Amino acid sequence: MVTLKTAASKPLQVNPLKLSQPMGATLAFLGVDGCMPLMHGGQGCASFTKVYLTRHFSEPIALQTTAVTDVTAILDGGDYSIVESIKNIRKKVLPELIGLYTTGLPETKGDDICGVASQIDCPLVYVNTADYEGGLESGWALTCKALIQQLTAETDQIDDNKVVLLPHVSMQPIEVEKVKDFIAAFGFQVLALPDLATSLDGHLGEKQAALSHGGITVEEIAGLADAGLVISVGHSMQASAEVLQQKNSFIRHLHFPHLSGLVATDSLVEQLLTETRFRHPPAVVERWRKRLQDAMLDSHFSMGQTRFLVVGEPDHLVGLCESLYEAGGRVSVAIATVNSPQLEEIKAEQVLVGDLEDAEQMADQYDLIVGNFHCEALAHRHHKGLVTRGFPNWEQVGNQLKNDLLYEGGAYFLFECANVASAHREQLEAS
Amino acid sequence: MVTLKTAASKPLQVNPLKLSQPMGATLAFLGVDGCMPLMHGGQGCASFTKVYLTRHFSEPIALQTTAVTDVTAILDGGDYSIVESIKNIRKKVLPELIGLYTTGLPETKGDDICGVASQIDCPLVYVNTADYEGGLESGWALTCKALIQQLTAETDQIDDNKVVLLPHVSMQPIEVEKVKDFIAAFGFQVLALPDLATSLDGHLGEKQAALSHGGITVEEIAGLADAGLVISVGHSMQASAEVLQQKNSFIRHLHFPHLSGLVATDSLVEQLLTETRFRHPPAVVERWRKRLQDAMLDSHFSMGQTRFLVVGEPDHLVGLCESLYEAGGRVSVAIATVNSPQLEEIKAEQVLVGDLEDAEQMADQYDLIVGNFHCEALAHRHHKGLVTRGFPNWEQVGNQLKNDLLYEGGAYFLFECANVASAHREQLEAS
Amino acid sequence: MSSKPNVKELLIESSCEHNSKKRTPCNAPTPGATSGGCAFEGAQISLFPYADAVHLVHGSMTCLGSSWETRTTKTSWQGRDFTQMGFATDISVNDVIFSGEKKLTGAIAYIVELYAPEAVFVYSTCVTALIGDDIDQVCAQSAEKYGIPFVPVHAPGFVGSKNLGSRLGGEAVFRHLIGTKEPDKVTPFDINLIGEYNVTGDMWQYSHLLDELGIRVLSSLSGDGRVAAIRTAHRAKLNVIVCAKSLVSLTRKMEEKYQIPWISLSFYGKRDTSDGLRSIATALGDPDLIERTNQLIAREEEQLEQQLQPYRVLFAGKKAVLNTGGNKSWSIAAALQDLGLEVVGTSVRKATEDDRTKARKYLGENGVLMMNPGAEQAKLIDDTEAHLLLAGGRSLYTAIKKGIAFIDVNQEKKKSYGGYQGLLNLAEDVKNALENPVFSLVGRKTPWSH
Amino acid sequence: MSSKPNVKELLIESSCEHNSKKRTPCNAPTPGATSGGCAFEGAQISLFPYADAVHLVHGSMTCLGSSWETRTTKTSWQGRDFTQMGFATDISVNDVIFSGEKKLTGAIAYIVELYAPEAVFVYSTCVTALIGDDIDQVCAQSAEKYGIPFVPVHAPGFVGSKNLGSRLGGEAVFRHLIGTKEPDKVTPFDINLIGEYNVTGDMWQYSHLLDELGIRVLSSLSGDGRVAAIRTAHRAKLNVIVCAKSLVSLTRKMEEKYQIPWISLSFYGKRDTSDGLRSIATALGDPDLIERTNQLIAREEEQLEQQLQPYRVLFAGKKAVLNTGGNKSWSIAAALQDLGLEVVGTSVRKATEDDRTKARKYLGENGVLMMNPGAEQAKLIDDTEAHLLLAGGRSLYTAIKKGIAFIDVNQEKKKSYGGYQGLLNLAEDVKNALENPVFSLVGRKTPWSH
């Protein structure tokens, strides 16, 4: 049924969806409290990334660059620019953690950041995230893995009450919070790594911090390995869970490809009931399940008439498509930024790795788009409806507080899609 | 600054916003568990009301009619049709409560429903709600008052932990739930009267009940008078609170004109802190306050450029306008369905009691509309943006789960308004 | 002279097949056990589609406040569409005590000045009827003053059912509009469409075919109708009642007064649409017209069959259970059969004998006619292994329990199912329902149901 | 022959007043203490506004993936607006190891076939520059093959700042486009607009006035620009640099090679706009033109004054503190003064000496020139009882603490502040900020702060 096409044959990206690994790494480090992400590369990479994230979150973004130049690129193996950067950062602030990661430039030169890191005597985690490999999702995932590998202490103690949640990069801050709260409602103490829910959730702080504010603390990361359970969400996060298990082989691991829609949330509940040996979930969970059921029915008529284009990061895409599918939405085209084993699982007529030019060429095959801000021009040109999701969303405020996950978020997501689809049909009819 | 104009001089309503008292009474009775609302009047009134509410909530609505005909209208003082109705209802189901209320027809005839009620030996609450007086809000409020008057037992005991919440009619089910939860987070046990949060919140029940399902129970209403505190929201609900105090003079009463926006929520928190002598509110409350602050700042630029038309029931209108005002939104025209002392308080350039014809004649004075489904045609004709709020919303699903109140709902409301306003400006520019 | 119709006469209307078999009148609702709308709603249904006339409801807020802008009836009228607007006098206690006539007169003046309608319909309602406001007199005076038709409509809710209200609406048109104007020209193939309200554009699914055949719709009551046209309706050669028994009394009176014959038909489904077109041509009696009609039917049916082909593949072997009321019990069944579905059962609980006969005809010997569908349908689904249930919202739970597809036949439709092309819309909705996983997913067990 | 520019030469550009007073080159960023974009971004800024040309970024995803569709530069080009599209070769590990030239060649073929642009700009980036991909050769071969201009742009991020990148963009245009085509006609009042990017339509705020005066914009670099036009730029009578020092090197080279004089000006605020128009007329040297320009200025200023009147009433006695960088430190100040606000202080932290002189001139003796605005602005607000702070987002907190109005000067604007009419947009934004209660409300104490 599903054909997976990759854009390998196309020698370029036109109107790209794909984002770089260093951007994913930046976001991951912003989910650690008191961190200064330090991007090792030319100054522009950090500048673009900073502006990009600032506009998406409407929040100041802490980020620095080693500002490699054509001169230092030749003379320096990274030692100078990285050490100098940290010196200069520490003149102004004292981060709890420096998050050091590369762009394509130093990777091409072959800088040994691991070696440099070993010379530095302040808390630092390094990770290689060349921007000519992978994408946003892998940059985030690699960073999460590095955080565990380099910070978490080995142990053989287990605290059965403690759960580590590993969210994929496309989970917006409120979604991380909602999943944490959901698990916590079963009696667990939950730590998320990275945790954007407490850093980039769009709250007014006491003052503008030069470092990330909120997020999981370095100390908490160090102590993660006594958790009884690690829960990874999204294919990209599986490796991080495995690394955590290497720190303590007693940790059990639950993996969920996504937490979108009824079936996926049911399976989370089922696992949590097994873990806790509760007979019932908390009342609020039961209530929201009933509301999602009703939302599915209320929206199914509109959804069943609607053909969707969905674009996004693989882990995000698979969840969005599942949610739509459950209420009868027909995903005719799903476009992923990069390849992933998950793509085979997507419930869509066509799945491809591609860009918005591909989407444009298939414009007769869908009515409504679920995708990022860049889809707006596409929607406008071809008279499609749009539900804005994913990175970036520069046109709207409040992105970090949009929850599509679990029973509750699933209900709201379906309402939004069904309503936009109906309004769009009305509009087409009227014009 | 504010001029209040009433449409008294106009001999008709054109494109009306106003809804009838019996509709408000229906809704109130639907917030009581196991209730059968019984509208004493012509069969059409109940039929219209049932269809209307079914479409707004996408839920089956329990409702019966005494089906007064031109023949019975003349022969019957209500005794026959009411008694017969109850007999027929009880042939099929055994309600915990019959909610008996009038339309204009029996009121014009002068039926004595109080007298009829006294002949009936099953649980019944009656209320006079002629549809040529008042409106939706007063119908709901009168019913709430009647429920307390006729069901609640007098006492002089006080349970300081117990709070009675009296929400006004325009609070959607999730809003009632959110306010209950908010107060409960301070350690109280909260009962709402009426309680749509558990009846019309859009959940899939086990089966389709012929009676209202969920809501406050008759037993709970009977026992309300030992609450330490009654909290009324909206001017229309003050009388109900006073009636409750007559059942037990030890009950303290807190009144809030509305619970929209930062200042209003602050004042609720302040009162709850005073009551509990807590030094801080629960962490989640603090967090959402910070998020609302941030939402106000994130949305203020878009809001500050936007002139709003807001239409609705008085208690709803005053809250909506306050929320918009706090983030810089300019309410140039506010139109209420009926008159109310609250209208003087509204932060708007012009406040009037009127209809959508009035709104149409002022169409050059606003850019964005916050109002019910009927505003869609207005928005379309005059190229305005629309944020759909209030009764009815027949175009969209999920109305009962839209929360605009307190810190959390306030943030989402501002995001939605700011985003619609921006998108609308873009669209006008592009065309 | 009062324009108030004789309600009793309307109730025992001889042309009404429905009533001829029943003893009790249609309009005796049971207190506490009544659903369905009132006479005022019926009058709304039959008259509101006149988009060039203002419909002024003289009454309190319940009547119009909760019902305006609920109709998806469409119009090609280029002026402002008054059907989608709401006008009400919104009477107050004061009016109840001292009469609402003054307010009504004021409202009329206001409307004429601001909206310049082609006509004004004035509807009495329970309270204004009870207090005795004389809308006849107000209308007569206004007509004189403003020089446009004013039509008093005496259908206050308490006089009876929707059905009766529709008749009362027809009666008002008969008394005050029909025959008050001569058409610019007449043709041998002029017809009136009676009871076609053009809901979701139903009428436009076949009106272009009438055009093509040279059959002119002289006037309509009231889908896409014009006041000026209905005034000339007495010159038509044929009255065509579309799916609306309530207006038989009108066509009978027109037959008596103007010698216009009438036929009753439906444009729902392929067979009914073809039969309907053929009936009109036959009634008009022109051999050439009949020949051309047959050719057109053949062409349309062939084209439709081609368009239906992909659906037929999907629907092959699929069984449906239908639970709805009135003529839908057989007309939807017929349409479903036209799509290639097998209809294994239908509800005849509220159907007339005539409807039951038709249902039996369409469903055949093995078809189950359910007298108590609420109790029967679940078992029928089990027994027949049906794939689809079409019913009102309350039956959704049955479908979910059985994990089969569901279509809410009462859900407000945005697309027409009428005529040949409308069948494609039905096919699309059936397809969407059959392919939608929501019904089985919603019905899955919770992880904690052991 | 390589088309790579001499970066060092550009850095010590003699016409750059900025650099003439400084010893260190602009492009030495401090590791770990750098904000601001790179040379590639600078090239984007200066060249992307050509909407009829495809801008192909040869590099990995960071460069374009995070930056496309961020520009609000507008165009009247009727074809597809390539400025709002993103094209990137998205090189892979494989390309890094074995060269990305083949991919680049393929991308070009793809683009030419599908989009038929007027020209293609090819941008090298850090990685492709480092691995030595020869974009000059690819461009030369492509130009021959496809018969349209291909412009290699050598501004990989690591060579320096945005400012340098803009110069490199200008350099590419100078080497590959200017002088490659003759205009259809020439007029005595032909000018080039250099460094006007038509962001939010800034250029259109005054270009109609140039039209009216008979001054023709022969070409633009690059706001609302066309490739065909910039190729004829060498025939202009005057180069007009709009608010963009980075392109002085280009105009100097054009002066040397084509003897085109240049002037530098701004169209921000009433006084600057008038001065700018007058400067152009004066530079073109025609007495009649000068006379007409003065008349037009008088007319426009009078009209603007009338439109500003209601704002002046609101702004009377209002004081503003400005904290922003570069030429904004005085140009926004001047515009605010034009609106009738008093500017009590401005930041000159990153300003050149020239900017400081101007700031002093506009603010007068009592105006405070802040060297360390982060620390100074709060006290300045207290001391002067200022009503409005205009600054970057980080200063919002200061405004909230003081409960005064705030405008984010870095926030992306959708409306132009340029020319006479743009001042009305600024006035509206200032009004909205001053009247917005949000700043004092957000700053109110929590109920639990004792």
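Some notes on this structure:
Chains here go by letter, A, B, C and D, matching the order in which they are written, and residues are numbered from 1 within each.
We adopt the following convention: contacts are C-beta pairs under 8 Å (C-beta built on N, C-alpha and C of every residue); 3 or more make two chains touch, one makes a residue touch a chain.
Predicted model only: the values in this text are computed from it and were never measured.
Set side by side, B-C and B-D show the greater C-beta contact count at B-C. Chain centres here are Cα means. That of chain A falls 39 Å from that of chain B. Distance between chain B and chain C, defined via averaged C-alpha coordinates, is recorded as 34 Å. Note: centroid distance chain C to chain D, computed from Cα atoms, is 64 Å. Centroids of chain B and chain D (each the mean of its C-alpha atoms) stand 53 Å apart. For chain C, residues that reach two or more other chains under the stated contact definition are 396, 442.
Residue positions 204, 293, 297, 426 of chain B are each in touch with at least two other chains. Shown here, the protein chains touch in an arrangement that is not a line, ring, star or fully connected set.
Remark: chain A residues 262-263, 266-267, 269-270, 273, 279-281, 286, 289, 293, 296-297, 300-301, 303-305, 325-328, 425-426, 429 touch chain C in the complex. Contact residues on chain C toward chain A in their complex (touch as defined above): 396, 400, 408, 411, 414, 428-429, 432-433, 435-438, 441-442, 444, 446-448, 450. Of all residues in chain D, only 27-41, 56, 59-70, 84-93, 95-96, 103-104, 106-107, 109-111, 126-127, 129-131, 156-161, 393-394, 396-397, 412, 442 touch chain A in the complex they form. Residue ranges of chain A in contact with chain D, taken from their complex: 10-16, 18-20, 22-23, 38, 41-52, 54-55, 60, 64-70, 73, 80-82, 84-89, 91-92, 103-105, 108-109, 130-133, 135, 204, 207-208, 373-374, 377, 394.
Across the complex, chain B meets chain A through its residues 58-59, 201-205, 287, 290-291, 293-295, 297-299, 302, 380, 395-398, 401, 411-412, 414-416, 418-419, 422-423, 426, 430.
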